[in-house]
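Presented sequentially are two complexes of chain A, the first with chain B as partner and the second with chain C.
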Partner chain A sequence: MAENYNAPAELNKFRTIALGVGGIGLIVWAAGTYFHLEQGLRSWLLGFIFWGGITIGGIGVTMLQYLTGGAWGVVIRRIVEAASRVLPLVFLMWLPLAFGITHLYEWTHLPPDDFTVIGRGAYQTPMWWVIRGLIYFALFGVMVYLLNTWSANQDKSADHEEAARWLGKATAFSGPTMVIYVLVISFATVDWVMSLDPHWFSTIWGLLFVVGWALSTFCFSVLMLAWLGDRAPFNRVLGKRHLHDIGKLILALVMVWAYFNFSQLLIIYSGNIPEETGWYLTRMTPGWFWIGMILILFHFAFPFLFLLKQDWKKNIRMLSSIAIFILLIRLVDMFFLISPMPRIAEHGGSLVLSQSFSWLDIVGPIAVGGIWLWYFFGQLMKRPLVPVMDPFLEKAIEHGQGH
Partner chain B sequence: MAKDLKQIHEKIYPPMVEGEHTLATVSDKIGDVTLKKKTPWHWFVGFGISFMVAQLLLFSVVTLLAKGIGIWGNNQPVGWAFDIINFVWWIGIGHAGTLISAILLLLNQKWRTSINRFAEAMTLFAVACAAMFPLLHTGRPWLAAYWLFPYPNTMGIWPQFRSPLIWDVFAVSTYATISLLFWYVGLIPDLATLRDRAKNKVFKFFYAALSWGWRGSARHWHRYEIAYLLLAGISTPLVLSVHSIVSFDFSVSQVPGWHATIFPPYFVAGAIFAGFAMVLILCIPLRVWYNMKDFITDTHLVYMGKVMLATGLIVVYGYAMEAYFGWYSSSQYEVFMVKNRIWEGPYWWSYWLLIICNGLSIQLLWFKRFRESPFWLFMISIVVSIGMWLERFVIIVTSLNRDFLPSSWAMYSPTMFDWSMFVGTIGFFFTLLYLFVRFLPVISIFEVRTLLPEANVHGHQQDFEENVLEVEYTYERTDPPNKEDAES
Partner chain C sequence: MDKKLYGLMAEFDSATELVDAARATRDAGYRKTDAFSPFPIHDIDEALGIKRSILPVLVFFGGITGLLLGISLQVFVHYIDYPLNIGGRPYLSWISFVPPAYELTILLAGFTAVFGMLFLNGLPRPYHPVFNVPRFALATREKFFLLIESADEIYDYDDTKGFLEGLKPQEVFDVEE
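Presenting the complex of A and B:
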């Protein structure tokens, strides 16, 4: 380990800022929630799904890069690993939802003769919702623990052969675990988000989150790369081809996001059956309709066209600009999924955009995000920024220097 | 240290060409199959059997045209059966070819080079088989021109543009056209190689006519590489769009078991799954019969096995989500569909066969022992091909035979003509493949050459992946090496 790949100490400054912003956000959020509990919890859920998604996406991207190999994976591995290690904090952030369950989910107030209450039985009870949540976090926890432990062991390896063994172990683990990971996300997002509207369902739901969260994670990683790439030691590592590769992945995910959403819309629109179509009818009322349009234009069309250009994918300024743009629009997408859902205060009715949007929807994600970032920076500083003993490290660095 | 690293790299990413090969031996080995070697006896046997089986198709089609589609077992309420099952099955198989040639090219996956040529041929032949079913199920294919295409006729009758069936017409015809172009453009340099090596005058003329005066100049290569990359870019969305539209045939309707939002990605994964199974079924014997193990290495088979596992798991995820949401929805129709499909309905056995074929069999691929054994890969691929056919049977027949009106429930059973037409297309498919193997280079000669150490522009004996990277640089280069040559 001749070279020192530790994170720059300047990150400490960001930690403090993040904690400050998060702390103030938390206080403001708590004050707002005191007066409007349902809205406060819903805004918290928005922040939780957005930022928790980067952590859960971090687990997925860590496994994906082991499975596919490739230089981009070596470069962003430590960033996504650090994001995945925020999991304990994400679990704590889930607790307000668990405690506030009867103030957040309309199904806790359904009459006993409602067909979902009869059909789902114990599955749709607060106790089982909480038990399932604990299982999801336990499974994610095992993934985070093992992947990060093995990665740390790889750093401590005496030689490349030992390091290759740890790499092999993580790769072998990632295959089957990816299956569990996708299943856990599918069930978890049904519980956390879809069940806000107890009468609606869509089989593609889980995949929307698998892809959306991976997209968030990649975009977040690009922002970290942009900052780290300007400074020692990461400026020796990051090359244009890495950015190009990650840019292509972001482009692909933007397209897949659009493909999944379009499929869902077309199928539900064409079927036009009352079980499903209400979900879109709400989102086609004035106000919500324009948010939908914004998503089509700015979650798909604009980033798609932008990322087609090769030079922009290779340019860190351009790539990080589009990454931050996509992250913001991801938040709008989550808002579009969560906010129009039926509300308890409205006896299961939805609100139009102007009534539905609350200042807490901004404070919630800021509060969650500040604390999340504070924890994330701490995790990022704990380990070298690249897997120093990885047998493919040199090759990955070389790859970046190409055209 | 550097040597250690090289060993580790080669262990994880083995070279894609085995044995001692030079540029010349590659051309010899692949080119000789069509030009020099005596056509082996097994070719005649295989071709003969396929050709005979293909006669079943001829027989069935003639009977169909004479008597109408009443010779099939389709009834009310099962109005769609073997015709669309076989259509979807064949069109799905084609997808592996497009994935290998287009997406893997864009992803810089070098292992595609030795399997893309015949995978693309497979795509074309599979699409040809697939396209027959929608045409023939009209009963009067000579009228299909204005039923299927928006042909401005004096009666002012237009297709229903809101129907996914008309989208299918556009999707499949685009797919066939682009696949053909892609395959043919990729063949041109090799056809020129065969032209230059052919001794027989007839063959020389045949290859010369097909290679369009290719001389291999820098300018030719420059244009070629741009055209090939562009075609790859155009083909890529087709991998997703064609089978998504096929899935819309079902999912935009309201039939429980068809109407599910997960259908597009789940069908696309199923298509690639079935396609890779077919590529394995074809290339495992091919590499033995024609002694091509140096080019289609065991590593290729392992990679294909992994793709099959991954896509198969997505398909199984689809089954799981259908069952879970069927229950979760608490809708009486959805719950009935799940029960009918899995245990209460008359076709419950087909569902469990499907789970065994597509769900359980591929679990063997988690283990190196099975993944690295050509025999097991071959067996699993056959089981998967059957499974993917069953999947469409389950979706179509079990959903239709118990529709909303219990009074109209009926069983479906295929007639002899349903079977003869299906088996006939299999014969037709293999007939075309045998002809392809005999007359065209089954593996891309010039692309396999780029995998050799000689292809490295610096000529160093470096390790494998560096060579590949160098080749990639030449591949990505858009300005020709000699600018004057290009401008003159």
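Presenting the complex of A and C:
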């Protein structure tokens, strides 16, 4: 167990680049936002939901791999743990939304006789929106803290038996916490994203994010594996079977993403009642319709067919290509959810695609992403890249070497 | 040596021994071989040089057939043969067509998987010579068997028997036709 599993020092170079890109992005974003506050906040929300989703997804995947066991979990555990430890930064990134709440959410400007204002009472007020946000981050924070502390304690264990006790603790914690985790995401995404349109609601909304964020997290982890797997020490760990297993999980999540989105569409289409159809009517106007079609084809059909092939799931070049592709299309998906939502400047109306799309929608995710990656690389370098004392480490490495 | 033999079979105690023996057999040039074990062994396909099954390809096309069948059935019924106004929706309501088309995709893919597997395995097959070896019943419990068929090009009773014995099995059996 004397082997050295520290992250390659080359990561420092990427930290600097990420911080530089993020810093410049942040300045450009701030300048753009100065002239157009509502658009700036919305683009920030886009970046926050996309990158924050990898952090929150990291919590979920950490718990998932404890619950299912398996070699793939041992291999990506440290990557998803590092992603989850970006949470303090994600909290800071949430603050602009909290401070800009009256410039972002239309419900802060509704007349008092609006049915949602009457029906939702204090729940739909800026104060309670902020208090709920603090509660979500507190709950996520407890999960991140405990899971990461136990994992660090496992590394310090004297023997495998002590290590196994920490593993058991994390596993026992993950079961019930997974339920809370999904509920917190459901409440949080209703507050952060769905409430952009206060008059529309969907009960599957939270699950769209649970699945989408898990998918982003797996794809991001594959990119990290592709980079780390080329270098010492991770090239001794990563095998084809690990990639095959993770590829299968990505395939499954691509299908679940399509399943949940289609469930929402089918139910609203069948019900055909005015409270619900507006959301899709906006997105079926010419420009937005094509974004929707692109999502069906390239967020579902293409990755689905691609990932059916076993050889491509086992090939790191192929798997990381599709992972980058899915991450980009995830951003388009988030754009499709966020951008057509009613705007304050339009008095609750939506914009057509050509007016809705702003250059800030590109700068926002780059600014958030640069800073996120800078923090992430720092966290990744703090701990060994594999759980060195995990009783299943040897077995997990061996599993990967098969065919 | 009056009886015509189907092949020779060696019995092993563990999966590792079986895989090692399978590798040696393949290296020695035998091609018409087979292995039997109580549980799936991941490395055995590669050790014996068994090609990957074409079943996944068949299943894929089974699924495509189901999908096209489901779509054309609904287009025919709802648009061509008997157009019916359902809640004012268009006759070609593709959103409503998805679940039945999806179900047919799964159904035909599933049928292809099951019946294709049976067909490719040569099942049902009421008789197989390996069962002429009484101890072969243990292949479903705790023993591992390696078979070399007499139809193999380089098969020769004495040579092959000597070769199998060289692999240090528990025992080598003649498998009668």
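Throughout what follows, the second predicted complex is superposed on the first by the 402 of 403 C-alpha atoms of A that agree within 3 Å, B and C clash if a C-alpha of one lies under 4 Å from a C-alpha of the other, contacts with A are read in each partner's own complex, and residues count from 1 in each chain.
Criterion: contacts are C-beta pairs under 8 Å (C-beta built on N, C-alpha and C of every residue); 3 or more make two chains touch, one makes a residue touch a chain.
Note that the coordinates shown come from a computational prediction; the quantities given were computed from them, not determined experimentally.
Q: Look at where chain B and chain C land on chain A after superposing the complexes, then choose clash or fit.
A: Here chain B and chain C cannot both sit on chain A without a clash.
Q: Looking at chain A, does chain C or chain B touch more of its residues?
A: B
Q: State whether A:Gly119 touches chain B only (first), chain C only (second), both chains, or neither.
A: After superposing on A, A:Gly119 lies in contact with chain B but is clear of chain C.
Q: Quick check on the superposed pair: does A:Leu266 touch chain B, chain C, both, or neither? Answer first, second, both or neither.
A: Both chain B and chain C are touched by A:Leu266.
Q: Looking at the overlay, does A:Thr203 come into contact with chain B only (first), chain C only (second), both, or neither?
A: After superposition on chain A, A:Thr203 lies in contact with chain B alone.
Q: Given 150-158, 186-194, 222-230 or 258-266, which one is the stretch of chain B whose C-alpha atoms run into chain C?
A: 222-230
Q: Give me the intersection of chain A's contacts with chain B and its contacts with chain C, in residue numbers.
A: Residues 266, 270, 272, 402-403, which sit in both footprints.
Q: In the complex of these two chains, what residues of chain A are touching chain C?
A: Going by the criterion above, the answer is residues 262, 265-266, 269-270, 272, 308, 310, 402-403.
Q: State the interface residues of chain C toward chain A in the complex, per the touch definition above.
A: Touching chain A: residues 42-43, 46, 56, 60, 87-89, 93, 95-96, 98-99 of chain C.
Q: Report the residues of chain A in contact with chain B in the complex, numbered from low to high.
A: 69, 115-116, 118-120, 123, 159-161, 164, 168, 175-176, 179, 182-183, 186, 190, 201-207, 259-260, 263-264, 266-268, 270-273, 275, 391-392, 394-395, 399, 402-403
Q: Where on chain B does chain A make contact in their complex?
A: Spelled out, the residues of chain B in touch with chain A are 1, 4-5, 8-9, 11-13, 240, 244, 248, 251-254, 259-265, 313, 317, 320-322, 325, 327-331, 335, 366, 465, 469, 473, 476.
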